[in-house]
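Both complexes below contain subunit A, partnered by subunit B and then by subunit C.
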Partner chain A sequence: MTRFMRLTRVATVAMLVISTTARADIAIVINDASSIRQISHSEAVNIFMGRYRRLPNDSVALPIDQAPLKARFYKALVQKDMAEINSYWARLVFSGRASPPQQAGTYEDLVDIVTHNNNALGYVDATQMPAHMHVLLTLSE
Partner chain B sequence: MASLLTHFRSRLALRAAASIVLIVGVLGIGFLLLAVHLRAESEKDIQQLRLEGLISTVERTAQIACFLDDSQLAEEVAEGLLSNRIVREARLIRHDGTALADRVTAIDHGSGAPLTRTINSPFEPDKAVCKLTLVPDQDWIDSMVNDATRFLSVALVLQLLGIGLSVILVVFYFVTRPISDISQKLHAIEAETGKKLSPPSGHARDEIGRLVLSVNAMIDRLVSSLSEERRQRLAREVEERRYRTIFDNVEAGIFELDDQGWLLSANPAFCRLFLKGKTPDPAGPPIAFKTLASEGGPTTQELTSRRARRDSGREWEMAVGEGSERRWVNVMVSHLEKGRLQGVAHDITERRQAAEAAERLAVTDPLTGLGNRLGFERRLGIIERYCRLHPDRQHALMVLDFDHFKQVNDIYGHHAGDEVLRQIADMLRDISRRHDYPARLGGDEFVLLLDHQTPRTDLGGLAQRLVESINQPLTLEGGQQVQLGVSIGIAVLGSDTQDIQTLVYMADQAMYRAKREGRNTWRFHDHNTTLTSGSPLLSG
Partner chain C sequence: MKSLPIVLMALLLACSAGAQAQTRLLDDRVTLSGFGTLGLIHSDQGHGDFVRDIGQPKGADKHWSARTDTRLGLQANVRLTDEIDGVVQGMSQYHSSGDFSPELMLAFVRYAPDPGFQLRVGRLGWDVDIISESRYVGYAYPWIRPPVDHFGMLQLTWIDGAEVTLTRPVGSDLAWARFFAGRSDSRFFMTDALQADLDAHNVVGGHLNYETGPWRLRAGYTQIHSDVSFSGADADLIGQLYSVNANRYLNYLTGFDELQVYSLGAAYSSGPLQLQAIWNRDILADGDTWLDTGFMSAAWRMESWTPYLLLSSVRTHDSREDPVGSNIDQHTWSLGLRYDVATNLALKTQFDRIHTRSPGLLWRSADDHLKGDQSNLVSLGLDFIF
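Now for the complex of A and B:
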């Protein structure tokens, strides 16, 4: 049921994006060269929240944060604000078991990292889709 | 133990307190058991809530640890949980059943019911990542419950002690002390003086005060009845002393007998009369009333018969003692109560002697001291009755008649005549034996009534001696010599006649015959002699 709801929502969002492209969804993107075509929402959470750094094809996943979009991204991904996310990572600093994604200061930096690393995953505003990128998952806000 | 029991019985406060403590104790134990049960239940709930709280506290960290499969963090969480003593074991179990962390403390302690909570992913709330299980330390929970119970018990025991002590104090202060106070006062009070109890302070208007009022009213009644009784006793004592004085000092003898005739008590006058002044010894041998009399008096039968008991009072005259000490006593005995007779004894010796003297005087010739006519007639009457009973007994009567006595009077005077009569009387007295009766009937008429034992031949000798002794010349006081002659007639009762009057007549006739046949002689009655001549001596 929820899935159906979500599908409905996704379809609606897709229709909106197609029709207007004005409304900002966030897209998790990867280099076009990667063989990975898509990931599930759960896989996205696992990768970005440090549970494991592994792509579905068993290659290492390298999540990248993009500073201007970070708050929106995590809100969309796990419904948490930055304070919670920071507190989460702070708790894990000492165990060393997991580490936060690599930080990209700007959109350009992100594009640069993803362009040059086939295992890097980043997120962009759906309206600013760079070239040579493949959308793995679109998060609607 | 026994003294404790005595103490317990004798102390109201102690008993009341013990009863209350017992009741409160039984109720308290019931309440305590209930309270302990409820407390244990609630303690379990509390421990459950605490466990829940603990889990909630560590849930976020546990979520993260499970999400990241971070055993170090998981161990940290488990360690943190174990720092609570309520937790004996903390387990974080992955989905595949392997333990992410499992820490145990206090291995020797027992385990309680484990509490398990499913830990979800911190980012996807509908996705379970592992299970957190807490095993409580049952021993510690028990000790907590015990602590709570112990506190309750101690509180209850203290409360019981407090109640008991309060009851003792209250009972002692409000009941026991006033009561023992009253008791002591009552003990020390001298009721005769009319003193009253005062109520203990502060109890004037309550039940104790009313008790004191009642006691005072009772004392009043007691005192008044006591004084009344004392007054009556004094009156009775005075009365008794009066009667005792009368009893002791009265001239009449007063005595008491039992219904067998034994002497029970006697007053001094009685002792003087009957016992020669000796007081009967109560411890000595009993004295029978009958033995006190030497003559007369009631027999035991007379004293104790049913009729004697019925009659109000009967009298006897009895003699006590012998010889010159002989006394005559009038005894009046009346029935006092069952088995008890009361008697009064009067000394009537004087009266009796006076009566006897008067009697003697009446039958005595004052000149000669012999019997007179009245005495002679009485004696004749006695003899007549005697002969009627014993016809074989023969009494003889001698009638004396003097010759020429008239001349003596005429010549020498009446005084000399009296002298002669006295001397003749002496002769008659000399010749008389014990039971003979000489008498002067008047003038020179003498008779001699003889005892029945005298044989007829002796009668003749006796008469002859009498004639001879009278024939002897008599010397008067003046020195004159007088000679008298005498004629004696003799008749015998029983052989001559059976009739007294006839006897006298026959003796008279015999005397006249002696006179006719020569004087100065004596004659028996002769049947051949006519009985018509002469005049009877006993003409009245």
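Now for the complex of A and C:
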């Protein structure tokens, strides 16, 4: 019985660790061919919120949203939910000021776009790092 | 110049039709979107009808009215190359023509070779203060409508012209400046029987902005030179009574032909808290008469609910004895609630308590009892984007 309880406790702790890791981090990624190694949090906000889309190497940043991860990403980036993010973009889109990031419908679409464009920035769950990309910034949830 | 928007629209459509997709990212060349509001308002004021701005010829009387706040906008964004794109937007709302006839609100081509530089040419929004460009997009703000004490007077809807925006990072902050020049047409109503048509042939302005963390700060200046024509039964009456040219006489008394707008604005958005404050001073021709308008707003988001509080005020400073009864002295307390039903749909309700010491141009069918009176308004709104 004691052994069973110990096993249960170990299993519970293991599951907590796994689930925490699974939802812990979101990584902003770029194609391995890019010379950019990292960006700051404020640069990430400027790029994804359409304020100033310039990469540290002076090229134009091309942010890409990933639909399945979008709500988690913006909560981690600017602590806002999707209604607030859409409200923010409504102000900029309907005054003709800026456009939101291009939308990738799936993880595979995102990987495809970032693989084919050296200036494209996407985000992925840190546990699902695609090949041939590196992490510019990690956001904790 | 009046045909400019049509030419631009034709150019955009022709270019987009002829252009070939160049890369995987540019497949979505044309984006169609829209916004709208279904609004209902109820006033308890029997001595004057409430308007959203002085461009509305009729106001909301002592019943429910859907006219004041209801609107629909449609927009097409066209990406031509990586550096050039265009936007066309039409909107239908109750406005100065006395009906819901659609207006062309935006029709411009943008050249943005670099994130730090942007040039736009065509029909542009009226960007005089921090939210004037997006004041028709209900989904973009917590309130039922932007405060009437501030946005109800002396606003243009658009300008036909050009604009340059320069942006520079300052550490982790952003500094940016915008300069614009152009012209506009506008019609507003001074009473039920007196309207003013502005041919604003020279609109020049700019603003400096600083964005740091959750803060957006702006200081701006705009000047507008117009030819103003007054018409309606009251204008005829003035001409006959005093045997004068009513246009020249009313221009002399109102000073609407030369207008300068100074504006200071600040917005704060962090976590659940949203704060906004704007103050404008509109100086009329002779420099001795001006309007101070402003508001402060605080909103707090709790899951899908956003309660908010709004205080706005408008006051004319005039060394004369209010010669045409256009001087305003009014402030409003508003309390409201926004509920986000979905990520593109919000329901709102708002209560306004308006203290009117002098109604000026902001009320229709106003009688003397409105002076010093208080009005209570209840509004319901449904804002959506698609």
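Keep in mind that, in the parts below, the second predicted complex is superposed on the first by the 117 of 141 C-alpha atoms of A that agree within 3 Å, B and C clash if a C-alpha of one lies under 4 Å from a C-alpha of the other, contacts with A are read in each partner's own complex, and residues count from 1 in each chain.
Basically, contacts are C-beta pairs under 8 Å (C-beta built on N, C-alpha and C of every residue); 3 or more make two chains touch, one makes a residue touch a chain.
What you see is a predicted model, and the numbers here were worked out from it, not measured in a lab.
Undergrad: For A:S95 in the superposed arrangement: first (subunit B), second (subunit C), both or neither?
TA: A:S95 contacts both subunit B and subunit C.
Undergrad: What is the contact status of A:S42 with respect to subunit B (first) and subunit C (second): first, second, both, or neither?
TA: both
Undergrad: Per the overlay, which chain contacts more subunit A residues, subunit B or subunit C?
TA: C
Undergrad: Between subunit B (first) and subunit C (second), which does A:G50 come into contact with in this model arrangement: first, second, both, or neither?
TA: Touch status of A:G50: first partner only.
Undergrad: Would you please give the residues of subunit A that touch subunit B in one complex and also touch subunit C in the other complex?
TA: 42, 51, 88, 91-92, 95, 97
Undergrad: Of all residues in subunit B, which touch subunit A in the complex?
TA: Spelled out, the residues of subunit B in touch with subunit A are 61, 64, 67-70, 72-73, 121-124, 127.
Undergrad: Sort out for me which residues of subunit A touch subunit B in the complex.
TA: My answer: residues 42, 45, 49-51, 77-78, 80, 88, 91-92, 95, 97-98.
Undergrad: Along subunit C, where are the residues that touch subunit A in the complex?
TA: 23-25, 28, 31, 33, 35, 73, 75, 77, 82, 87, 89, 106, 108, 110, 114-116, 120, 124-125, 127, 131, 133-134, 136-137, 139-141, 167, 169, 172, 174, 211, 270-271, 301, 304, 340, 342-344, 346, 385
Undergrad: Under the stated contact criterion, what part of subunit A meets subunit C in this complex?
TA: 40, 42-43, 46, 51-54, 60-62, 79, 82-84, 86-88, 90-97, 99, 102, 112-113, 116-117, 120
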